[in-house]
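To keep things simple, chains are lettered A, B and C as they appear, and every chain counts its residues starting from 1.
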Amino acid sequence: MTRVEHATKSSRIGVMLVAAALVVFVLAPYWGDRQTLRLLAEIFTFVALASLWNLLAGYAGLVSVGQQAFVGLGGYLLFALAMLLDVHPIAAIFIAGPIGALVAIPVAALIFRLRGAYFAIGTWVVAEVFRLLASQVSVLGGGSGISLPAAVVIAMAPSRQLREFETYWLALGLTVLVLAAIVILLRSRHGLALTALRDNEAAAQSCGIDVARIKFLVYVLTAFGTAMIGALIFLQKLRISPDTAFSVNDWTAFVIFITVIGGIGRIEGPIIGTIIFFIMRQALADLGSLYLLMMGAVAIVVMLWAPKGLWGLIAERFGWQALPLQRRLVPTPNISKKERKP
Amino acid sequence: MPEPLLDVRAIDVYYGDFQALFGVSLCVDAGEVVAVIGANGAGKSTLLKSIAGLMAPRHGNILFDGAPIGAAPAFEVVARGVALVPEGRRLFPSLTVEENLKIGGQSRRPGPWTLERVYELFPVLAERRHLPSTSLSGGQQQMAAIGRALMSNPQLLLCDEISLGLAPIIVRDIYARLPAIVAEGLSLIIVEQDIAQALKASSQVYCLQEGRIALHGSARELTRERISAAYFGV
Amino acid sequence: MTEWLNVILQGVLIGGLYAMFAAGLSLIFGVMRLVNIAHGDLIVLAAYVALMVTTTLGIDPLTSLLLVTPTMAIVGYALQRGLLNRTLGDDLLPPLLVTFGLSIIIQNGLLELFTADSRKLQAGAIEIQTFQALEGVWVGLLPLIQFLVAVAVIAALQVLFYRTALGRAFRATSDDQPVAQLMGLNTRHVFAMAMALSLAIVAIAAVFLAVRANFDPAIGPARLIFGFEAVIIGGLGSMWGTLAGGVILGVSQAVGAQIDPGWQLLAGHIAFLVILAVRPQGLFPKVSG
């Protein structure tokens, strides 16, 4: 007799480390200054965006270069809901998610007609259409963009400091939510199908997995999360314009590089990748456009010579997993007891 | 003793972690026809692919005309004079019959085989030269595949299951033309499931079983019993 | 009425340029199933090469093609042999991500070298020459030359694909790589030749683009998208379909711009999305799969 177990020794240590980090992060407003909080909040949003892209591309094989469509959509939904319908900004973030998912349904129906690499460019066209449409909406600033009115900002919290704490915790909370949702999804029945899909699409199909349905599901769920994070990002920025909201560099190029460098198709990859990305950014910020050039080069080198990314290298070398996701067969205790009898 | 044209020396060939051939050795003299027989999955196609350069042996050597070719890519092996008629014919569907033949002559080795000679050997191809290769019947496709390989003027022709999926009468028809091909002075390795056909056409027989040579001898000396023992491993 | 005729004619002529963007993209997809996300940025790179050639040698843009085209072909050959061949295989991800990384590298490299300032190639008097085709319908000489060059490029590609040994090698390699090798074709070389040809077309398109309008390091992705839309509208694998796709895209944009300047790009994207919705295989499909 055997049973399925997810946890390994390394993943138990990993879970404890994650829990400890969570406590430290929750308490950050009490130990960190404004700069630290801002940086951490930015890191969290990138972890969330990269994890979502990883789910989409790394597991479901849907390589999108147009996720900025949903980041921007979420941002604009926040502004529209708060400014035009007087919705509380925090409530607007949570409304942006389902609307993003709703919008993703017809989009998916259309671009799923494109195969493989052409799908990627199709997602980009969709993002361009969203950008051009946004610049036509004059109540939201048209092409030049708009700031969140002071009244809306003040309504969030009485003091600036409290508001910053609020957005920080929101960023932390949403990122934890996104990561938890992904972990739960991957540990579910669908997760097994997704992992099969990642490893071999044709084989997964022949095992009776409804590949088209699961891809559709992942696309819509990813849009849900991405739109929420998009709304959060522009609540931090307090200003939106079509070019910043639908920026392919900020919301897709960086996110792809993070995931590839960290390790695509692994839940730990985007987290490691984000840490490396921010270390490189702090160290190389003075280089301007050369910095982006180097990111591109590093991503190419990793893709060609270490396609599983840094976490892939570590996991292969030491057999680690930071989060209990893999399924292993272990002997059930009563059997091992029997075996121990002389 | 003259050197053999092809000398395969104890090759091990792998698909990733899976070993398909274990220390396989085989010799072909100039002008000789050698048959390789064996059950499905015995490693016959793998052996031909290794000789043709589509797969590289992990251990062992392949010498052709005295020079090592084991590590050479397929396009260089062709240029040295080894041509493979792949299993399932695999004509290029976007090319016409004549274009398929012409692309066989891409390596521009000098020799007796030209478009005209191939059309002489298989007149039916001449009639259909400008049609898409997909419009040919199975037997005609096999003729085109053989013609395409001949166009490179090989010294050694490797034929992988040329009878597969064809009616017996067509198989007989194709085998009837092999002597005309050998008469041009080239050597042949034929891989076959049809043992009777293989024995009739060849002088030497190798029997592969689970990636190893289970039996080797001259076609005339081998008895049916010994072959079926080697074939089925009983 | 003549106003609309003028608009549509402008659209048709610019469509030739889009068809050239598309032809290079379609060619390498056809031969090696590679979608080059850096295609648009390579067009911009070629425009800067042309800028350097014209300013340092003092020759006019059309003459500079004699240098820019072979230069880009060599760049394409080297890029394929040195980098892109390594990405080809069953997995979709490596070619996509490597060409995406390449796109970012080219954009930021150009930004570093040439700043974000807009540039333009000066072709002199030819730029403003027009003639009256019909009563009230005017045609620019340069747009007309550009369209005719596009038609010639597509026709030449068609001949090359179906009448030459190289074209035969392209088709055979596209059909069945291992068997193509058995025929003595070095598929890595064949792929590199395809990329060289693709970038030679890119060079021609780039010079016309750079004479027609301002360019800067950031405009590449939009050119990629135009080319891609023309490919899909026309139908995968069909060269003449690609020209039709380019023309449809150009006309949609011109008509959109005539209605409202803000609708120029949007109208093109919408035409693409409508075709994708009602006829996903494109108007003139050739290959399946």
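Just so we're on the same page, contacts are C-beta pairs under 8 Å (C-beta built on N, C-alpha and C of every residue); 3 or more make two chains touch, one makes a residue touch a chain.
Note that the coordinates shown come from a computational prediction; the quantities given were computed from them, not determined experimentally.
> Quick one: how many steps at least from chain A to chain B, stepping chain to touching chain?
2
> Tell me the chain pair with the top count of C-beta pairs in contact.
Ranked by contacting C-beta pairs, first place goes to A-C.
> Could you name the chain whose CA centroid falls nearest to the centroid of all protein CA atoms?
C
> Express in whole angstrom the distance between the two chain centres, defined as the mean CA positions of chain A and chain B.
That pair's centroid distance is 53 Å.
> Counting only Cα atoms for the centres, state how far chain B is from chain C in Å.
Going by mean C-alpha positions, chain B sits 44 Å from chain C.
> Measuring from the mean C-alpha position of chain A to the mean C-alpha position of chain C, what distance in angstrom results?
About 34 Å, centre to centre.
> Which residues of chain C touch chain B in their complex?
Interface residues on chain C, with respect to chain B: 165, 168-169, 171-172, 174-176, 178-187, 287.
> Flag every residue of chain C that touches chain A in the complex, lowest number first.
The touching residues are 29, 33-35, 37, 83, 86-87, 92-98, 100-105, 107-109, 111-112, 221-222, 224-225, 228-229, 232, 262, 265-266, 269-270, 272-273, 276-277, 280.
> For the complex, give me every residue of chain B touching chain C.
Within the complex, chain B contacts chain C at residues 52-54, 73-75, 78-79, 83-84, 86, 90, 92-95, 99, 102-104, 106-107, 148-149, 152.
> Using the touch definition from the top, list the residues of chain A that touch chain C in their complex.
57, 61, 63, 65, 110-111, 113-114, 116-118, 120-122, 124-125, 128-129, 132-133, 135-136, 143, 248-249, 253, 256-257, 260, 264, 288-290, 292-293, 295-297, 299-300, 303-304, 307
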